[in-house]
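Have a look at this one before I ask anything.
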């Protein structure tokens, strides 16, 4: 009997040791997971700190080399050859092409989403979804090759019809069309998942009240999914603002602006950064980081704006229902 | 509220439709004749419209401010800093060639090494003189600039071998008959017969008789020199123990910076820096370089679309066009 | 009333069809454009060839038979020029990079050219030089009857119609041959892309999975978690060109401490690793959440520790989802250009190494489009490869998720 007890005691001690070791591993791994999470979270802050600290350099240098911050933010000429760096018109150009491109894509995205979720059935719906997913998967540089070889020529010929001459089709309009194509898949995907998430009861209630399926889709379901649609719009805009390679292939690089004429060449934040970083050193090199900082600010403020609009929309929607 | 939204939506849709229809109309012809380069497949503009089309506004194309071609051009024409605000800035000679070739109203300037026909371009005579090698060598074509190189300081190489192979390559490209031949075949302009035979020069550079496949010559700077330097490097590989090379050509402004300037230890550090102009003595002192000189000449050629009736320009024409004083093609030459 | 309603409905419905039709049309237009431009060019030499031409210099030591004559096996085409004394034929062509080249179209098996030995220093020195149709001739050096060395060929600005007759007339013996294997291939970029994929995943997958586990299993509903979540959300919205600036300002100084210099694949892959984190974390967390919580509960109830439960039960059950996340990450790497242009550089390399710069396939396209001679065809050919890879990866993800759905239901 005592023997058994002794055995038990021994194994108890052994298990305690194992348990302790196991708990040790648990703690170790838990900390590893936490560290990984914090590293991932820190990256965005590090990006902001490091790019900004580099980006403010041109405004701090010695008097003769310093760039005037006020003119940088509001100026309407970008003449690296004369040491004039006015980014104001570039910001406006970027807003024009991105927002127009996004607005062009939005109705298409909503309509396609309605077709995919509410009208098309079975295989057809899957087929349409595949089209959207394929468009989403095409890398931007391939879009760039397409845009430089096709969209520009399309725009050039279109302008020729009106008797307007273009810079070989490189124009705001070409960029707008490209960005519309590139933001469309994001918006559609979000709209589809938003519509799918609308409760079935809403659908049934509307139909029961005598609305046709189409009326229901457009007057009940789409408004109910507006939150997702707005998110999709924001994501799409984010992509439009940040799109670099493809846009730089067709934007042309205007020296002054803003370019209000859609057939005129333009200059966006990203195209400025790409031509810039690629070619020079010194102040020309540093200033591109400043452009990067402006790009981040533009994207964040656009996000906030759409968020505010969304909240307003939700409040209104809440009042109606 | 919702009705309004619907109306807006419908209007936007209608606009889109009109647009797509216009686009659709154009669609079949490029696709009908399928492959080959797009700007060649699209015969529409050259057939339909007597070029230059529309308002005949001149479209000025210029290179970015780091470009040696631009500096060379601006220096000869004499309008530094006066460039018209309406210019379109492109970041390489290739893009310049491609875009002017797509624009019947365009005018730009490229290096003589450019393949004009391939890009739908027409090279313009300058002051009545055609841009040819012969005319550059005999001095009648004056719109030209030198291709120059500079190197790291002699004591600033990764290794002694690296320094020797770079020296050997420069000797081959600049001094030897064989190297000059290659440069000329690639479009550079230099006197081949004045070079020494490589077999003689080689004696001072024993490193070429080793297996050099572990060494890499890194080149940076002007994009205009790329074709010549690439051809020279490729032919050098075969006679120098298969030495490797890396060409990262971005613009003349980087040539000096990447070997002697503030980028020499940065992510873009290079062994040889090229410029398609002379190095500026005040800003780009090359005194410390192991070797620094011009290795050939290049003509800068003003180019227009092949359908433009213009065939000759004067210095005054170019000055007026690029400063914006002349705005339409009708005014050119008046 | 109902009729008006019907018409309205039909109109709205047709709008939806038109919208989707436009997207389908755009997709078809892109595919047709890319394929029609690039398909003709896409062959083995583009896929697996070097981008830079490889020069071959060979010397000839033994005497040739002066009176030998060779006859071409079949009637050659008009533009081919034949050397009957030395047994080869040459044609003036435009190569992939739009340069004039003199291409060998036929070399007889007993041609004296076949006796050439490589003179380039290195391991291949003295080995027989490869001569085959498709190679370019830059120049030939021969000795004429008076013993003088004469150089002929493209580098002497002569067309084949000019220099072959000279060779036929004067040459006693060919002494040197400068040829090259044409370039314009994408193998180097393909290899660099593979390296980039491997390294990026190596860095980002562990961090991504661990961070996802943290969010799934450990994070409590507190401020820190909120912060982590919204930071990762923000990171997903950062444009890729900003990532490349981060690569230069943040990562480059770090790897410089380890002796790295300049733009390199390692810098590119570290940058990509950060860029991929949000995708990986989000997808992995979703995969973890789709594992029924009863699995974990059962494991814990059986006495397994949290670590054991996570690594032996939850992660294996979520492996399909994690695998999909990795595939999506790979497809993102293949398509990415802006983040790599400044971190990996724009110099196309044939034998890339981790410590030095190179281009991925996408960046090679960018370089070709903006290069000295914009090359639409080659850019399109590479685009086809990228498209096929990316679409295949996306398809695999779909198949994997469909399979695991089926399994889940069964």
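Think of it as A, B and C in the order they're written, each chain with its own count starting at 1.
We adopt the following convention: a contact is a pair of C-beta atoms (placed from the backbone, for glycine too) under 8 Å apart; a residue touches a chain by one contact, two chains touch by 3 or more.
As the structure is a prediction and not an experimental result, all values here were calculated from the model.
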Busiest interface, counted in C-beta pairs: A-C
Per-chain Cα centre nearest the global Cα centre, belonging to chain: C
Distance from the mean Cα position of subunit C to that of subunit B, given in whole angstrom: 25
Intercentroid distance (Cα basis), subunit B paired with subunit A, Å: 34
Between subunit C and subunit A, distance of the C-alpha-averaged centres to the nearest whole Å: 26
Two or more partner chains touched - positions in subunit A: 107-108, 111, 149-150, 218, 278
Junction residues of subunit B - those touching two or more other chains: 13, 16, 38, 91, 250
Overlap residues in subunit C, where contacts from two or more other chains coincide: 15, 18-19, 22, 29, 33, 37, 346, 370, 376
Residue ranges of subunit C in contact with subunit A within the complex: 5-6, 8-9, 12-13, 15-20, 22-24, 26-27, 29-30, 33-34, 37, 206-211, 213-215, 217-219, 227-228, 231-232, 234-235, 237-243, 245-246, 249-250, 274, 277-278, 281, 305-308, 310, 331, 334-338, 341-342, 346, 362-363, 365-366, 369-370, 376, 379-380, 383, 386-387, 390-391, 394
Residue ranges of subunit A touching subunit B (in the complex, touch as defined): 77, 79-82, 103-104, 107-108, 111, 149-150, 152-154, 156-161, 163-170, 218-219, 223, 252-256, 265, 275, 278-282, 284
Residues of subunit A touching subunit C in the complex: 22-23, 25-26, 29-30, 32-47, 50-51, 53-54, 107-109, 111-112, 114-116, 119, 128, 131-135, 137-146, 148-150, 181, 184, 188, 212-215, 217-218, 235, 238-239, 241-245, 249, 270, 273-274, 277-278, 288-289, 292, 295-296, 299, 303
Touching residues on subunit B, where the partner in the complex is subunit C: 13, 16-17, 20, 27, 31, 34-38, 91-95, 97-98, 114-115, 118-119, 181-182, 184-185, 208-213, 216, 223-224, 226-227, 230, 234-235, 237-242, 244-250, 265-269
Interface residues, subunit B side, partner subunit A - complex: 2, 6, 9, 12-13, 16, 22-23, 26, 30, 38-39, 42, 44-45, 48-49, 52-57, 59, 61, 64-67, 70, 80-81, 83, 85-91, 99-106, 250-251, 253-254, 257-258, 261-263
